[in-house]
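Pasting the structures in now, so scroll down.
Shared between the two complexes below is chain A, which has chain B as its partner in the first and chain C in the second.
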Partner chain A sequence: MIAAIQLFGRLMMIAIRGQMQYRGAFLFMVAGTFVTSMVQAIGIWALFDRFGNLGVWTVAHVAFLYGTINIVFASVDITARGFDTFGSSLIRTGQFDRFLLRPASIVILVAAREVALHKLGQLLQGIFVLTYALISLEIDWTLGRLALYVFAVSSMYAFFYAIQIVRATMSFWTIESLEILNTISHGGMEAAQYPMSIYKESFTNFFTYVIPLACVAYFPMVGVLDVPDPLGSTLFTQSLAPLAGYVFFAVCLSFWFFGVKNYQSTGS
Partner chain B sequence: MSQILVEGLSKTFRVAERKPGLLGAVGGLFQRKYRSVDALRDVSFTIYEGELVGYIGPNGAGKSTTIKILSGILVPSSGRCEVDGRIPWKQRRAHVASIGVVFGQRTQLWWDLPVIESFDLLRDIYRITDSVYQQRSDELIEMLDLSELLDTPVRQLSLGQRVRCDIAAALLHAPRILFLDEPTIGLDAVSQLNVRAFIKQISRDQNVTVLLTTHNLDDIEVLCDRILVLSDGQLLMDGSIADLRKQYGEGRYVAVELESFASTAPEHETLVVERSDSHILFSLESDVPEFVDEVLRQYPVKDLLITHPPIERIVAEMYQAERIEH
Partner chain C sequence: MQSLTVALLRSYVSVVAARFRVLLQYRAAALAGVATQIFWGCIKLMVLGAFYAVAVTTPPMTFTAIVAYVWLGQVLFGLLPSNHDPELQGLFTSGGVAYELLRPLDLYWFWFARTLAFRTAPTLSRMVPGIIFATLVLPLIGLPEWALPAPASVAHGLMFLLSFVVTVMLSCAITILITISMFWMIEGRGISTFMYGVVPVFSGMIVPLPLFPDWMQPFLYWQPFRGLCDVPFRIYSGDIPLAMASQEIMLQVMWTVILVLFGYGLIARARVRLVVQGG
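Up next, the complex of A and B:
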């Protein structure tokens, strides 16, 4: 286990060093993503300023949810790049052979292959928004709340990472682009930035029981923020909900291993 | 003791058929037709420890597919396959830790890293202890003459240099079995000699079992005690180099480059395989020296080269012979 983490670290360092060879482009892209995502955040703030609160959710509450999700989503984008470009750079070229020949975890080898550092801009934006929320909300951070927050963030990370793994897995069968899954990852992220209670029931149900997005984001955050939930969740269900993120991850991971067994390689 | 056991191995690929044009591409999203391609059909062989086996056959015969199954990359459609008692694709990690694989056409190294850093990384991946690694890498660097190349990024190496580095990389963890997929392809004559000498050496001195696919009959002549011939997914021959030699006997190709155009002598007409204004390629069954003598006298020869007939031709002949027998 320790050796696996060390190997992951070393491979990551190599990927980062590779990116740093193009420092100008790197800084430019970081600034670019930061500005775009900041403009988006300001847009949301402007809407609240004009139309007021969403039920019990003030702009600071939404900022808390929004900031947290953006931090997690950006972290996944940065660290799951190896899966993101898996189909185009490993399957199409047959390069995946090389990974299967190594006596190490395939997941680690693929994950540490590339790092999308330019997404740091979005991460910065998330930190920025979350900081604003923390200052305005003055949450009473009891140990229980802190634990729930950490639990939720880690399961949110597992959830979004799992979607990247599923996307990569699909490329074992099809080389067509998989925009449909972006609806779930990017679309889901956009949707989860706001409280689930504002959406239609069927939509909420889909993102609770089929794709457990609400379980990793909305429900635990309601618990941390201690606001009433029109959907009727209790602190107990809110605290258990993030488990769904880990279950989802496990399911997606077994789908991945099923895909690896179906790998066809390319002619040499 | 048998080390590699293959029994009734078959592999069928499903290939999606595409219709041409935009409509075809859109249609393919909804309905797709698949075509089955049999890459391997009921292949069986056994390889014993320390053997150096050549695996030959034309392009698309299924050589690489076999290597990929033996090294755990592909899962076969049916049949049995055991290497050192392990089923490669089921015990992938344990399996790949004890074999070495080189694909001549494709590097296993990190494209942007200096060679030595790739080696260091492999030490971590294979968990080789420092003292063993030090000794082993020093030995390989010396044998393959790599000391000048260690600080060069892989992408800047010539093909011959890169293949030598790839071979060293595949042997760092001291595997008992080595799979080489076209190790000499595209190499110049000197590099081919170096690579062959090295393969011979580790096979002899370290008793490493080697399975080598190649297009090059010279590789086979110099290296292999035993040959497997594959065509169209089926094993046509499993025998010694002497057995194969019976198939092409004294036969040689004689390629002649002319100083100026000359028409082919009528008595040579039947021997011509290819003809252009400045080149003639003859195929001979026997009496090569006498023929060369004649050619030198009758044509304005600028250059002349005698080679083994290409494997495709020998295999095609074997294939036909097989069909006539049955």
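Up next, the complex of A and C:
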């Protein structure tokens, strides 16, 4: 286990150093993703400026959700790049066969293959917005709330990482229609920036029971922010909800192993 | 002389046609794209609907106009100049741009023709299922208030088509500027990343422009990206009255001409000082 973590760290460092060779392009891309996320956030702010609060949800509450989700999403983008580009760079080219021959865990080899450092811009922007939210909300950080927040953030990370693993796994069969997964990853992130209670019931149900997005984002955050939930969750269910993120991760990972087991190379 | 012009024009048309056939190969990807856009449209409508439900003052647009704005935006998303033709980028890194300069066609219009196909082929193939969903399926599944309404009148519809043609040209003119920037910066992804963030917001794709604060409106009115979504979409729904439509389209045309001339000038400058990579 320790050897695996060490290997993971070493591979990551190599990928980072490789990227740093093009410093100018790197800084430009970081600035680019920062500006990109910032202007998108301006859209949310504009709606609050025009219409006022969404019930108990002020712009600061939504900024708290938005900042947290963007930090997690960017972290996943940075660290799961190896899975994200798996289909196009390893399956289509047949390179995956060589990976299978290496004497180390295939998950680690694929995960640490590449790092999308330029997403640091989005990460910084998320931190920026979250800081604003923390200053204006003045949350009473009891130990319980802090623990729930950490629990939620970690399971949110597992949730979005799992989607990247599914994307990679699907490329064992097709690499054409993977865009559909963007509805859950990017679309999910987009949807989870607002309180789930504003959506149609069927939509909320789908993102609670089928794809547990609300369980890793909305429900625990309602608990942390201590706002009433029109969907009727209690502090007890809010605290347990993030477990669903880990279950989802486990399911997706076994799908990955199923895919690896049934993998037939692309040819000569 | 005239036959020469016809021959030239025909070669540009065949560039468009050839690229079209290449780009229409990816059907499964197109279907996945349609599903993604529909999903996105539904999220947007639910978010905007929630805000409309709590509005204390009368919003500057009716919700019907919002619905038209959102669906037109979703089905025409691919027209936005937020990325560039990766094959053209390849020419810069491989040095193939030297061959492009040898062709007996004007480089700007040759690339314009290629870009026109790159912009429109994927969009047109995705447009039809998206429109069918937004006009026919939504009322059937019990969401008629979300369905894409017909244009405000026949005249609005015609003006929309006119404005839409200009939108396509404007979009190509901006996309080419991204390509041309690679004469100076090989790493075209940098500029693309910026455009990817800025264009959707300032065109109105993220949030309809009239919903932005009133003090921002003069600035939003005069910037070129508005001609990509805001102008045609609001003509369609009648949010821009017919009397104003021709003036708005003139503004679109003006920006298109300015950006085409700008790109043309840049190419001319780049040709003079071009160093081709590779041996």
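Throughout what follows, the second predicted complex is superposed on the first by the 266 of 268 C-alpha atoms of A that agree within 3 Å, B and C clash if a C-alpha of one lies under 4 Å from a C-alpha of the other, contacts with A are read in each partner's own complex, and residues count from 1 in each chain.
Rule of thumb we're sticking to: a contact is a pair of C-beta atoms (placed from the backbone, for glycine too) under 8 Å apart; a residue touches a chain by one contact, two chains touch by 3 or more.
Only a predicted model underlies this, so the values are computations on that prediction, with no experimental measurement involved.
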| item | value |
| --- | --- |
| Superposition-derived comparison: chain B or chain C, residues of chain A touched | C |
| First (chain B), second (chain C), both or neither touched by A:Val39 | second |
| Touching partner for A:Asn182 - first (chain B), second (chain C), both, neither | second |
| Partner chain in contact with A:Val210 - chain B first, chain C second, else both or neither | neither |
| Touching partner for A:Leu143 - first (chain B), second (chain C), both, neither | neither |
| Which superposed partner A:Met1 touches (first chain B, second chain C, both, neither) | neither |
| Touching partner for A:Arg50 - first (chain B), second (chain C), both, neither | second |
| Residues of chain A at both interfaces, chain B in one complex, chain C in the other | 176 |
| List of chain B residues in touch with chain A within their complex | 13-14, 28-29, 60, 64, 68, 71-75, 89, 92-94, 96-97, 101, 103, 105-106, 108, 110, 112-113, 117, 121, 124-127, 181-182 |
| Parts of chain A lying in touch with chain B, wherever the complex brings them together | 3, 6-7, 10-11, 14, 18, 94-95, 97-98, 100-104, 176, 261-265, 267-268 |
| Residue numbers on chain A that touch chain C, as the complex places them | 22, 24-25, 28-29, 32-33, 35-40, 42-43, 46-47, 49-55, 118, 174, 176-180, 182-183, 187, 190-191, 194, 198-200, 203 |
| Contact footprint of chain A on chain C as seen in their complex | 26, 28-29, 31-33, 35-36, 39-40, 42-43, 46-48, 50-52, 54-56, 59, 187, 189-190, 193-194, 196-198, 200-201, 206-207, 211-213, 216 |
